[in-house]
């Protein structure tokens, strides 16, 4: 089995400014996610955060990243356009991208999807149940019929995304809403997975089923061997254009 | 505007054997649906039922049908394979097909989809809310953000269908389930829409929003001008196979 | 039938600087396309070009446009980002968009699709045959099995786009290439159609079948009645979040 | 890496009755395909043919098959409905299925797809070029931009299939036609890949690129861990249906 190199990116602000969030994620959301992934066979995991130089996403780091995981919320606008551009190029070249929760409003997600990515939301201790609608899909291997999260932030439809290439999970919320919670896309040679849960005030990333989905998604999004494509002016393959 | 010829097909058994259902649909579910459609401009509507000769779906009737609506439940097995075959051929040739509620288990739906079409269900006065996930789609024109049905039978995931070409509606149920309630497919030149609500014990087909979705779906599924396709052995379009 | 308001946008540079192109399109590509559309029932057509103030696409013009047609080639970079942003917002709100030929590299197309939109090309008098792969689709109504273009610029795969929601046409080129030539997308409430043919050195937009596809696409892309969507913080629909 | 158990099924008639075909595939098409797969790490390969009892596809064999490869042509009608039903059930339960060439008209393919699966064809030494339209997809890993087959039978559009969930390859033919040659579907928990080339009169299955695609497809179609799904009457997850 080939090794998959994962970089977990986190904004890492809430955890440093709000005591109650720091209690849930003392080393940051990225550390919690990375630590779960490190227990998986065949994954090599590093982290990067907003306040590092170039947000920790230098050309070199991206070049050595097979799958990038993205968590952001309050500081989307602080992410430099140059870095966003760099990430997009890498996705097009085959890097996998897993966008978590409030990352729906990140520059990179909106740019890759081409839509507003807006939604309804509510912080109010909703009960969430994520139903598997595509059993047999590698991303939900080992999950069972649904994931039960006793308390989570609500995200509700309409979610302004292009129709997913594959819709894997749909959430039920006790407040009366539904949400497309597990959405697959391809952009260039890169595979993208959006996964809804993970509000900073809940211990969602400590949940083993959530960790399992993220690990599965990493394997699903890992690039297939690189494919070189020729673009631009090309000569005919048939003599005299085949005539 | 061209006229669209609609045939509403109904099993028509529950309404004749159960008093409480007869009260809701005295002339049958088909009559309720047809009567709502008859108020629409440009639609010519007829009905057909299981116990008519050839289930009311003779070659002639189908030939004159642009969109067929299908409601069945307790007698799927009584539908003759020959008629199912005939309907399938017409769908392939361009006839639209709208499958309602328990029609998910009809021979024609399973044959066109190629899957088991099974699901979870519960008769228990669930509250259903059908959320629009594809606003701007012609089938949900004029519906608003969701349809609220105070009481309905529950259908829950996993619904064993191929992933819809377009998913238009997702249901929330008070018992904790979700369901892909409005699903578009193409088979041959025919457009197919599956629409979940409509248990026989509830007055669902008297609901104006439900009627609106069905009318919208009729217009969406109506065939585009017939397209003749050549199959089989064909001569090359380029001399000497282009070489 | 409701009137559909169409705006045909053209860069309008080649036709003013190259005599041989001016001969094919004396009043510009936009004029040729508009004039064909004006013969269609129920369409109201105007044009706009790059060198008009705001490229002819003021907020007011866009507000009164149901479907925008886009042809550009040598001056994509001259299109102001502010106008691109405005067009994107209108597509999200429901305006249809038909992107023609070299418009594959326009800012608006790349921004809505989220990919590089690159491809192979060759100016060399290739013979093109556009095969219908989705007969029964409204965009190819009346087209028959294929469109034959004696001479056209070649565009070849790989075309760096997201997989189309519906692929309607595939081109064969005498030089040995294929291309996904008719591609449907949805972004927000807007429907988008990419249609490949139309190099400025060939009289492609005078071809009646090409005109027919564009007219069909206009009707397909025309917005359904506007749908208001609530985004942001929302209150629960179920008391105490349903518990 | 888990072992994948592959069964290569072949009608095995042409090779026994036509000398020139026997020369190309002395031990049968199945043997040629199996022998290429046996060189792959992690695959365990067996074969089965039409004239064996139960066509070699007993319940037991299918239960021990992760991916089934299907080649048939002149004797589709001889395949027992009972075996077709059994294969369909296994696909729904997660078994992968790879349908080759003239298998497009097999009972199992038509039943799983729900369409006529008809097409244009010509035996005439066409030159075929299979273009990759989804680079980065695991099925075309290591293939490059296209596969070149000097001589093959032509299959042309329209191919009467449901739009593929993912379209991976498109063929160019020297006679002027195109064809969707690599098509992915999901039915139940099973993944299906249709791969066009492989006429019995050409040595196509000895081509290393063709062998590579088939091996890649086996890995792609291999089932994810089995997922148990509850269907039928179910109790609410929320007390008193959440009210």
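Order of writing sets the chain letters: A, B, C and D. Residues in each chain are counted from 1.
Here is the rule we use: contacts are C-beta pairs under 8 Å (C-beta built on N, C-alpha and C of every residue); 3 or more make two chains touch, one makes a residue touch a chain.
Owing to the predicted nature of the structure, the values given are computational and were not obtained by experimental measurement.
When the interfaces B-D and A-B are ranked by how many C-beta pairs touch across them, B-D comes first. Distance between Cα centroids is largest for the pairing of subunit A with B.
Centre-to-centre separation between subunit B and subunit D, using Cα means, comes to 31 Å. Work out the mean CA point of subunit A and of subunit B, and you get 36 Å between them. Touching two or more other chains at once are residues 129, 132, 134-135, 145, 156, 158, 163, 165-166, 173-174, 176-177, 186, 188, 229-230, 237-238, 242 of subunit C. Because contacts link each chain to all the remaining chains, their graph is best described as complete. Those residues of subunit A lying in contact with subunit C across their complex are 92, 111-116, 118-122, 124-127, 154, 156, 158, 160, 162-163, 165, 173-177, 185-188, 229-238, 241-243. Interface residues of subunit B facing subunit A in the complex, by the touch rule stated above, are 129, 131-135, 145, 156-159, 163, 166-167, 170-173, 176-178, 180, 238, 242-243.
The touching residues of subunit D, counted against subunit A in their complex, run 1, 94, 129, 132, 134-138, 140-142, 144-145, 165-166, 174, 186, 188-191, 223-225, 227-230, 237-238, 242.
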